[in-house]
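So the structure is just underneath, and the comments pick up after that.
In order of appearance the chains are A, B and C, and numbering begins at 1 in each one.
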Amino acid sequence: MSATAATIQRPAAPLRDPATTARATALVAAVVVLWPLLALAEFRPWQLFDTSHLQVMANFLAGFLPPATAPDFLALLARATLETLAIATAGIALAFVVAAPLAVVATRALAVSRIGPGPGRAAGASIRTATRGVLTVLRAIPEVVWALVFVRALGLGPGAGVLALAVTYGGMLGKVYTEILESGDTRSARALLEAGSPRLGALFYALVPSTAQELASYTVYRWECAVRASVVMGFVGAGGLGQLMDQSMKMLNGGEASTILLTFLALVIVADAMSALIRRVLS
Amino acid sequence: MSASAAAAAPPTRLPPCWGCIALAIGVVAAVTASFAYLAVDYRQLFSHESMRLMAKFVGEFFPPDVAPAFLAKATWGALQTFAVAAVGTLLAVAAGAAIALPASGRFGLAPRLGARLVLNFLRSVPELVWAALMVIAAGLGPFAGTLALALHTTGVLGRLYAESLENASPAPERALREGGSGRVAAFAYATLPLVTAQGVAYALYRLEMNIRMAAVLGFVGAGGLGQLLYFHLSIFQQAQASTLLIAMFVLVFAVDSLSAFVRGRLLPAHG
Amino acid sequence: MSLRLEAAGLVHANGHRALRDVSIALERGERVAVIGPSGAGKTTLVRLLGTSLKPSEGRLFIDDGDPWQLGANELRRLRARIGVVHQSPPIPGRLRVVTAVLAGRLGTWPAWNAIASLVVPGDAAGARAMLDRLDLGDRVFDRCDRLSGGQLQRVGIARVLYQQPEIVLADEPVSALDPALADLSVGALVAESETRGATLVASLHAVDLALKWFPRLVGMKAGEVVFDRPNAAVTSSMLHDLYATEGRALPEQGVDIVEEVRRHNVVSLKRPGCQ
C-alpha cells in the first residue's frame, strides 16, 4: 500500500467489473424482447408520412378552423356539456353508495375479531380478503369497457355511463376509502370497539371525524376524473360531449370537432379549478 | 378577561362549520339535479320485461367461449395489447425525459413555460381522442394506439420527471461543474442517479394504466383485445365477449403483479 | 500553480461577513494548513481559492491571472486543474464507488467517454489504485449509499487523487475519520503534493495533524487571518489564543499534542509507512 506507486506511472492491470455480465445480459434481453413487441404493435413510423394519410389529416385539421358556432349547434353543445357533468356527478354518487359499505367491511380498523385476537378471527379475515377481492375485480376492467357492455344492454344514452362509473369508480373509491380509514385515528376506534360499541358507532365517532377531510378530498378528485371519463365513455355511446364528438369526427366535421375539443378542454380546466377550490375549502 | 374569570365561564361550543354544511347541501343538490337531468326512466328500467331482457343478456355471457381457436385469437389480442402499451410507454419515457429537461427550468424561464404548455396539452387530451386522431394520421391498427398512448403519456411522465428534476439536490452537479466537468457529464454523473429510481417507478405505474387504456383504444380501431371486444359485442356474441373480458382481466392482473415486483426489488446501481 | 489572494473579503447574500482582508500567497508546490475554530471562515477560504465563490472584495490570482476574468471555456479548463475535497462529499447514493472516483477526470474526458464509462467503467484499475492508497480498495464496486461517512469522505479524497490536479484544496477532509485513518489520508494528500509538485491547501480542525504534516500554518479566526507562520514558529500560546473560544484543550485527532508532535517528528515529512 505504498504511496510510491503514484510516482511510477505503471499502468494498472485491468480490473474486472462484476456488473458487466449482468448489464450485457440485460441489454441483450431488452433487444430480444423489444423486437417482437415492435412487430406486434405494427410499429411503422413511415406510415405517418404516407401521402394519402397526410392529405386526409391536412383536410381534417384544415376543417378545424373556423370552429363551428351555429346557434343550434351551440345549444346542442350546452346540453351535451350539462349531460356530461350530470353523468359524472350521478356516477360518483352511485360509486359512493357502492364503495362506502364495502370499505367499511374491508377495513382492518373496524375489525372486532382482531382485538385479542378474539373469536371469529379467520372468518373476519376471509371476509375482508373477499371484499378486497371484489373491489379489485370492480377496478380491473376500465370503465369504457363497462360502458360498451351497458350500451349493448340498455341502449345508447347516459344511463350506461352512469352505471359504468358506479362499477369502476366504486371499486377505486372503495379501495382508497379502506386505506384512508386504516390511516385514521384507529386507536380511538379500537377503544370504542373494546368498550362494546357497534362497528358503525366506532366508524362515525372515531374514524370519520379524523378522516372526513381526506375522504372528501379524494372523492372530489375522483369526480374530476369522472368528468374526463364521461367524455371518453361518450365515444362508445354513453351520451354527453363524447358522443357528440364521436359523431362529428365520424363525419369528418373538423369545425364541430374543434369546438367540442375546446369546450372539453375548458370543461376540464373548470372542473380542475372547482375541485382544487373545494379541496382547499375542506382543509 | 382575567384568568379566574376565564376559568369560571362555561365551556363554549365550537361554532358549526358553515362551510361544511353549505358544501354538503350543495353536493346533495348537485346529485339530485344530475339524476333529474338525466331523466332516466327508472320505472321502465326496473320493469319486469326490462329485467328479464337484462337477465337474458347477462346469461349469454356464461359460459365463455373456450374453443382453442378462439383462445388463440384472444391470446394474440392480449399480446398485441401488451405490445401497444409497452411500446407506447417506452416512447413516452424517452420523449417525456427529453421535454422534462427544459420543463424543469434548466435552460431558462421561456423554455420552461413552453415545455410545460406542451406537456399540459398532451396530458389534457384523453387517449381515446388522440387515438381517433392517430387513426386518421396513421391508419387503422395498433400503431395508432401506440402513438396515442405515447402522446398522452409523454405529457404525464414529462410533468412527473420535471418535478423530480426540480426537487433533486443541485449540490452534486454543482460540485462536478466546479471541478471542470462539462454540462452533459455533470448531469449524467450527479443528477441522473438521483432521479432514475423514481423515474422507473413512475414509468411502471403508467404501464399499468396504459394496459387498461390499450384495451380501450381498440374500440376506435387500434387493434388488440379492445378491437376484438368491440367487434364481438356489436354482433351480440356475448360468449366470445366474455372470454375477451376475462383475458383483459388476466392481462391487467399479470402486468400489475410484474410491475409491483420490479418496483419492489432494488434497482441496480447507477454507473 | 501559484495562488495569491490580495485583500480578499467575502460577504454572503444574507449580509453575514465570512472573510475580511485576507492576503495569502502560495508558490507552486507549497503545502499550507489552515486551522482555526468553527466559523472562522476556513471553508469559505477554500471555496474562494477553488473559484467556487467570487470574492466581494479584493482579488484572486491563479498563476498570476485572475480566473474571474476568463471566458466560460477557459474557466472550465482551469477548474479541471484544481481539485477540491469536500468535507461532506456530494455524491449520489446510487453511484458506485468506482464511478464516483472516475468522476474526477470528467473535466478532461470528452462527453462520449464519460457516458460510456457509466455503463462500463473505463479505468476501474486506476480507480482501485487510488482507493488502495486510502485503505478502501476492497469497496471499489460497492454502492456509495452502503458506505459509512468516513468511507465516503475517503472516496471524495480518492476522486481528487484520480483527478491529478495541480492545486489540491481540501476542506476538512478527514473530519469523520478515526485518528489512524485521518493520518493515512492526510499523508496520502501530502504525498500526492510532493510527488507531483501540486500546491496543497488543507483546512483542518485538528491541530496535531496540521503540525505533523504541514511546513506552514495559517491561523484564522472570525474571518481574519490571525497568523501565517512556518511550522517551527508556531507556539502553543498562539494556538491556545486561536482556539480560546473552544475551551482549554486544543482540538486534535490523535493522541499527540503540540510538544509531543515536535519531539517525535521534528517537522519530518517522510511518507507514511504502509498500513
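Details
The rule is simple: a contact is a pair of C-beta atoms (placed from the backbone, for glycine too) under 8 Å apart; a residue touches a chain by one contact, two chains touch by 3 or more.
The structure displayed is predicted, hence computed values, not measured ones.
Across every pairing of chains, the maximum count of C-beta contacts belongs to A-B.
Among the chains in view, B has its Cα centre nearest the centre of the complete protein Cα set.
Between the Cα centres of subunit B and subunit C there is a gap of 50 Å. Look at where the CA atoms of subunit A average out and do the same for subunit B: the two points lie 6 Å apart. Within subunit A, residues 19 each touch two or more of the remaining chains.
Annotation for subunit B: residues touching 2 or more other chains are 269. Within subunit C, the positions touching two or more other chains are listed as 96, 119, 121.
For subunit B in complex with subunit A, the touching residues are 19-20, 23, 30-31, 33-35, 37-38, 40, 45, 54, 57-58, 79-80, 82-84, 86-88, 124-129, 132, 136-139, 141-143, 145-147, 212-213, 215-216, 219-220, 223, 226, 229-230, 233-234, 236, 241, 245, 248-249, 252-253, 268-269.
Residues 169, 171-172, 174-176, 178-182, 184-186, 188-190, 193-194, 196-197, 267, 269-271 of subunit B are the ones that touch subunit C when the two sit in their complex.
The residues of subunit C lying in touch with subunit B in their complex are 50-52, 76-84, 86, 89-96, 99, 103-104, 106-109, 111, 114-115, 117-119, 121, 143, 163. Within the complex, the subunit A residues that touch subunit C are 1-7, 11-20, 23. Residues of subunit A touching subunit B in their complex: 19, 22, 36-44, 47-48, 50, 53-54, 56-57, 60, 82-83, 85-87, 89-90, 93, 137, 140-142, 144-145, 148-149, 152-154, 158-159, 162, 228, 231-232, 235-236, 242, 245-246, 249, 261, 264-265, 268, 278, 281-282.
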